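Chain naming follows the written order as A, B, C and D, and within any one chain the residues start at number 1.
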Amino acid sequence: MTTSNKSSEFTAAEGRSHVKKIIGIWLVVAIIADYFVWFVYGPHMPPGAMTDQARGQQFDIKVISVMAIPVLLFIWTFGFYSIAKFRGGKDRPDGYYVKGNVKTQTAWYVITATLVLFLAGFGTFELIVPAGAGGGEGPSPIWTPSTPVKLVVQVIAQQWRFTYRWPQFGGMETTSINLPINTEIQFDVTSIDVIHDFWAYQLGVKADANPDVNNVAFAKTLQYGRFTVRCDELCGIWHGAMYNYGKVVSQTQFYNWATQMQRQNASVTKLLPKFALTYTPSYTGAGGGYYPSGDPNGTAA
Amino acid sequence: MSKGARAGAVLVSFAVGIALILYGIFGYLRSSPAVVSAVPSASQPNSVNLIMQVDGAVGVGPHPNWVGYWVQDASGVWHQTTLVKVPVNTNVHVTVYEYDSGGALRNAVWSQVAGVQGGTVTLNGTSLRVINPSLTTGNGIAHTIVVPGLGIQVPLYGVGASAKNFCATGPCNTSEAHTVTKFSFFSGNQTHKYRWQCFVPCGLGYLNGNGGPMTTLGYMGGFIEVVGK
Amino acid sequence: MSNAVGENVTVDEEQYYHDANLGAIWSASRTLIAVVSTLFGGLVFSYFYLRSLNSHGLWDPNGIKASPLLGTIIMVFVLASAVIIQVVNRRLRMGITIDWQVGALAALLLGVLAGAFQIWILTRLNFMPGSSGYAGIYVASGPVYALVVLLSMYWLETLIARSVRSRRATAQDGGIGVSNQPGAENFRASLDGFTVFWTYFAVLSIVIWYLLYVL
Amino acid sequence: MAIKTTSFASGGDGGRAVAGEKKGFRLNAFTGLIAGGLGYLFGHWMGNAIAGGYQQVIGSGQNDIAILLGFIFGTIGWFLGLGILNYPLKKMAGIEPPLEGYEFEPGVMKYFRFTLDNKVVGIQYLFGMLFYFFTAGLLALGIRTELLSPTNHIWGPATYLEIVGEHGTMMMMMMTSVVMGPFGNYLVPLMIGSKRVAFPRLEAAAFWFTPAAYIILLSALWQGGFQSGWTGYAPLSIQQGVGQDAYLFSFALLGFSMITSSINMTATIINYRAPGMRWSRLPMIAWGMITVAFTMLLSVPILIDGLYVMGLDRSVQTAMLYAGHGGSSFLWENLFWFFGHPEVYLLALPGFGLTMEILPVFARKPLFGYRTAVTGMVGVAVLSFFVWQHHLFQSGMNPDMRPLFMLTTELISIPTGFIYLVGLGTLWRARMRFDVPMLFMLAVFFNFLFGGITGVYVSDVPVNVTVHGSYFVMAHFHYTIMGQLIFAVMGAIYYYAPLYFGVKLNEKWGKIHFWTMFIAFNSTFLPLFALGLLGMPRRVFEYAARLQHLNQWVTVSSYVLGLSLAFFVVTFVWQLAVTRPKSPLNPWQSRGLEWQVGYPIPPGNFDKIPVILSGPYEYGDPNALPVADLTPAEPSAVGVSSGGEI
C-alpha cells in the first residue's frame, strides 16, 4: 500500500496517541456496560426463567450481549471521537492520505471471524443442550429431553383460536391450557387450515402450526405463573385477536383440573375424530368446495 | 412558466394530493358495516333482547351470495351486520333464526355449548348442552356464535337444504324454513370490544371454507361491544 | 469543432461503441441463460420437493402422466431445431446466406410447432389440475416452457428478417455472414447469442422431458 | 479513413442520440393508461368467458382468472400505449431503427414518455420511487395510528391487515430499485466514462413496469385487499380474495423490472467502461450496482416461480401449495425465502455503495481499503443465497439444517463488517466537512450498527425462538433497510441535486430535515426492540395492555418522522419547482468523474470518450492525477493509457 508523501501535520506519534485515547475510553465504557448487562439486567432479561428452555434463551441473550455491546461501543467511541477530533475546520483542507493498513485490516478480519464463529458454535450448543431450545423441531425431533416426557399436549391451531387435546386424558379437547410444574412436556403443534404459530412467550416455546405436519417442541416447567399464548404467524382477519392465557400449576391441581374437564367434556369427546398427530381438512367433510368433487379421498376441501 | 405560476401549481398539486388521501381514508378505509345497539326497555333496565338471523345468501351489499348475519335493531329494522353494542352489567337474551343449511364441523369441539346462562341453549324449544352435528332431523350445524373473550360457544343447527320453502336469499322472514336458537349471557362488569366469529367453514368456494365471508367484517365475524350504561 | 476533425475522432468512437455493443450482446445472452436457468431451477426444485414429500401419497397416486408421445415430439422438435441452427450457422460463415435462411426457417417452424403442441397438451390433460402434486407441477411447467420456446422463436424470426432485409446491402462483400460492416457484425453477435442460448435450452428440454414424462 | 455508415445501419450504433425533431402527437404515459384500461376490460371479459362457469367461481362470486387476465392484458395495453412494443414489432420486419428518441424536447413532457436517455430515465425513477415510498409511508402511519390503543380500533381487523400488507409489499418491492433506478441508471454511465448504456430500451422499459405495478398493488385496497402480508404464506394466500391477485401480479411485474434493469446494468458496466477504467478504479456505486444486479438476476426468477405457482393455485386450482392434495405449504416458504433473503441484501448493498461513494468526498480522504470494500460487497451478495432458512427456524422444516443456517447467517456479518472497517478507516484522521450528505452518511453507519448487531441476535436459534415474528425482528429489518438504505438515498438526493437539477438544496432546511428524521427514526424504532423482547408479535391489532405506553411513544415518534419526511417533500419540491437556488459547478469539490462534465450535462454525457487516468478517491494527495482526460486529442492516445497511475 504505497502512500505518497505524508504532509507534516499527520505524524505517526499523533496517530498513536489517538489510538491510545480511543482504546482507553472504549475499555472503560465497555467494562461498565458489560457488568451492568450481566449482573444487574441479566436476571430480568426476557423471556424469563419459567422453563429450562426460557432459561437457556435468557443465558444465550446474556452471552451475546456481553460480546456484542463492546463491539457496539467500540464503533461509537471511534465514531464520536472521529467526529469530535478529525474536523475540517474553516479552510476545508484534505485529510490524511492513506489507502489501507495491513495490520488493522488483518486484525479486523481475525477478530470479526473469531467472534462470529464462536457465536455460531455457542448458539449450536445452546440449541442442543436444552432439547431444541423450545423451538419447533418438525415431526421427528433430533434434540430430545434427557429425562423422559411426562405429558403430551396437542396444540391445534385453527382460524382463529388455539384448542388443546390431551391424549393422556382420553383425547379430550379444551380451549384452555394448564400445565403441571417440574414436568417434561412435549407440545405436538399442528393446524387444520392455514399456517399459524404457537408462541408461549413465558415458556420460551415457539413452533409453527402447519397443516398436515406435526411440529414437536419440548419444555420443562420450573416456575409457577401465567403464560401468554399468541399466534405468531399471520393467519388472516383475527390473527391479532388469536391469543389466550395458560397457567403453570402444581401437579395435583393440574391432575384435578384435567380429570374434571375430562368428565365434563365426555359427551363432546365422543364426537371428536380419533386422536391423531395431524388432521386433513378435506377428510372431515367440512369445506368450501374449493377443490372440485374429483378429490380422490374425502369430500372437497 | 413564471415563478408565481410554478408556486401556484405546486400548491394546487399538494392540495389535490391531500384531498385524495383524505378521501381514501375516510371515504373508503374507514367505511364499516352498520352498528346495532341493544337498548334495555324501561321496564327491565338491566336486560336487553338481541334478535339475529343467518342467511345462506345475504342478498344485499357487494357480495350478495355470501352467507351472513342480520341484526334487528330496537325499531325492528334488519341490518346486515355483525357489529353489536350491549350495555355493561346486563343480561342479554339472544334469539337467532337460522335459515341456512348445515354441514359437518371441521373441529367438533365447537358443537359444545359454553359460557351461556344455565349452560344450555334452547333449540326449537328443547334445551341442549351439546348439539350433535349428525342429528337426524336437520343436516348438521350451519354456523356458530363464539365469543372467545366471554367464553361463549353457541352452535346453530341448520335446516335441510331441500326443505320446502328454503330461503334462498336474505333478508328472510319467519315464514321460510328456519330453526330458532335462544340463549342468554351476562355482559360482564367491564366495557370491552369482544370479537366474535363463526367456526363452521362456511365460505363457499374458498379453500377450507375459511375465505370470503369468514375473513370479511360484517358477514361471519364482528364485535360485541360492551358499552357503559 | 470542425467536421473534419470531428469526423476523425468519431471514427474511433463509433468503433469503440460498436465493439462495446457486441460485448453487450454477448453478456446479455449469457445473462439470459442464467435467468432462464434459475426460472426453470425453481420449477425443478418444486418438482423434486413435492415428489420427495409425497404428502398423502398424492404426488402421483395412479401414475397418470401427460401423453409421453406428444411430450417426446416436443422435445425432439426443439432438439432438431437447435441442431439445424448449429449446422446452417457454419454455412452462413462460409458466405452461403440462402442456406442459412432456409435452415433457420425450418428451425423456426419446428420451434413454433413445439410451443403449439405444448399448449395443445395443456388443453387436453387427462387429470384435474388439483388432483395430485404431479398435476400441479405439469400445469405450471407447461405454459412457462411454451412461453420461453415461443419467445426464442421470436428472436430467431427477427434474425431471419434482418438477414432478408440486408441481402442487397451485404451482397457485394460476401453476405451477412462474412461482411465486416457494423450491421453484419451486430447480426452475427446476436446470432451467436441466440445459438448458444437455443442449444442450452435444447439440453434443458431433454432434462425437463425426462422429469415430466419418463421419471 | 472515415467509414460511411451504409444504408444498413448497424442498429444500436454510436452514442449520439438523434434529437427528436418530429412534432405532432406522440405516445406518452396517458395514452398508456388508456390502452392499459382497455386491455384490462378485455382481459376481464375474456376471463369471465373462460371461467364464468367454474363451480368455485359460482360459489364464491370471485373470478381470479378474470382478474389475472385483466392484469395481463392491461399491462400489455400499458406497454403498447407507451410505444414500448414498437421496437420489438419493427424488429420482426427486420428493421433496425437507430437509437432515436425525444429526450431533448424542453419542458416536462419528456418525463412522461418512453425515452432512451439514461438521465431522463434516472429522473423518472427518482420521482417515481419517492412517490411510491411516501405512499407506503402514509400507510405506515395508518398502522401506527391503530396501535395507539390495544382495544380501541381505528380500522376494522381486515382493513388493518390490508394496510400492513400494502405497506410491506409496496416497500419491499419498490425499494429494490430505489438506488439502481435513480442513481444507477443516471450515474453509472457518467462514472464509467460511457456516452450511453448498453440497452437503453430495456432500461426505460424497466421503469415503466413500476407505475403499472404501483397502480395494480394499490387497486387491492378497493378490491378487499389481501391479508397475507408481504410474505404471502400459503395456504392463507390461496384462501384470500382478489386483492391477493393484485399482490402476486404487481410483485411479479416488479420482478420483471428488476431483471430487465439488471441485464442492462451488468452489460453496461462490463462492456461500456472508458479506456483506463480498470476494475480497480471502478467507483463504489458501480460496484454496488453490479453486485446488486447479479443478486437480482439469480434470485428474482425464483420469486416469479413462487408467485406463478400461487397464481395457478388460486385461479386454476392446482394444489402445489396445499398439502391435502399432494402439495406442501413448505414449498412456498422455500421458494419465497430463497428470493426473500437475497432481496434484503440487494436492498442493503446499494445503500453501502452510495455511502462508500459519498463518505470520502466529505472526509477528504481516500476510501480506506478499496479491495476490502469490494470483497465485502461481493461476499455479502454471494453468501446471501445460503441463508434463507433462518426465516424458518421454528417452521419444523428440516430442523437438522438449523446449525448450518445459523452458521451461514452469522458468517454474513463478516463481509458486512468489512464495510464498517472501510467506513471507520475512511474517518480515521480525516478532515470532515459536516454538510447535509455527510450527516446522512454518518447516520447510515449509526443506524446500520443497530441493525447489524441485532442481526447477530436474530440469527442465533435459541434467541430466535423468542424473537422470531416479533417486533424485535421488525425493528431489526427497519434499521437495516430504512435506517441504512433510505438514509443513504436521502443523503444522495442532497449530494446529487446539483448534478441532476443544477440546484443546491438549502443547507439549513436540509439540516432540519436530517436532525428531525434521525431523531424521530431512532425514537420510533429503538423501542420496538423492547416491544419484541416483551412478547409483542408482528401484524397484530391487539396487544398486551402493559405495552400500551411504549406503543404510544412509538406512534407519536412515527408522526414526527412523518412530519419530517413531509417537510423534506415540501422543501424539495418547492426548491426544484419554484425557487431553484442555482448551484456552483462541482459544489462539493468531488473528484468523481460524474462531476467533471459540468451542468447541464451534454446529451451524450461526454463530448468525446474520456481516458481514465486515476482512481476517483485520491483526496489528500496534492500531486494526484485528475481522474480523467476529458478531451483526448489523438485517437491513438485512446489506445495507450498514459500517466503514472496508482
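Everything that follows uses one rule, which is that contacts are C-beta pairs under 8 Å (C-beta built on N, C-alpha and C of every residue); 3 or more make two chains touch, one makes a residue touch a chain.
Remember, it's a predicted structure, so these values are computed and weren't measured experimentally.
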item: Contact pairs, highest-scoring chain pair; value: A-D
item: Whole-Å gap separating chain A and chain D, where each centre is the average of the chain's CA atoms; value: 30
item: Distance between the centres, which are taken as Cα means, of chain C and chain A, whole angstrom; value: 48
item: Geometric centre distance via CA averages, chain D-chain B, whole Å; value: 43
item: Averaged-CA centre spacing for the pair chain B and chain A, given as whole angstrom; value: 37
item: Overlap residues in chain D, where contacts from two or more other chains coincide; value: 55-56, 59-60, 157-158, 227, 235, 238-239, 317, 319, 322-325, 330
item: Multi-partner residues of chain C (each touching 2 or more other chains); value: 55-56, 58, 128, 130-131
item: Of all residues in chain B, the ones touching two or more other chains; value: 195, 203-208, 210-212, 215-217
item: Chain pairs in mutual contact under the definition given at the outset; value: A-B, A-C, A-D, B-D, C-D
item: Chain C contact footprint on chain A (complex, rising order); value: 212, 280, 291-292, 294-297
item: Residues of chain D that touch chain A when the two form their complex; value: 55-56, 59-60, 157-158, 160-161, 227-229, 231, 233-236, 238-239, 317, 319, 322-325, 329-330, 363-372, 392-400, 402-403, 406-407, 410-411, 413-414, 417-418, 420-421, 424-425, 427-434, 442, 445-446, 449, 453, 456-457, 459-466, 468-470, 533-535, 537-544, 619-624, 646
item: Chain D-facing residues of chain C, complex; value: 1, 7-14, 16-18, 20-21, 23-24, 27-28, 31-32, 34-36, 38-39, 41-43, 45-46, 49-50, 53-56, 58-60, 128-137, 139-140, 144, 154, 157-158, 160-166, 169-170, 181-186
item: List of chain D residues in touch with chain B within their complex; value: 55-62, 138, 142, 151-159, 163, 221-222, 224, 227, 235, 238-241, 322, 570, 573-574, 577-579
item: Chain B-facing residues of chain A, complex; value: 156, 158-161, 163, 173, 175, 192-194, 236-238, 241, 244, 265, 267-268, 271-273, 281, 284-290, 301
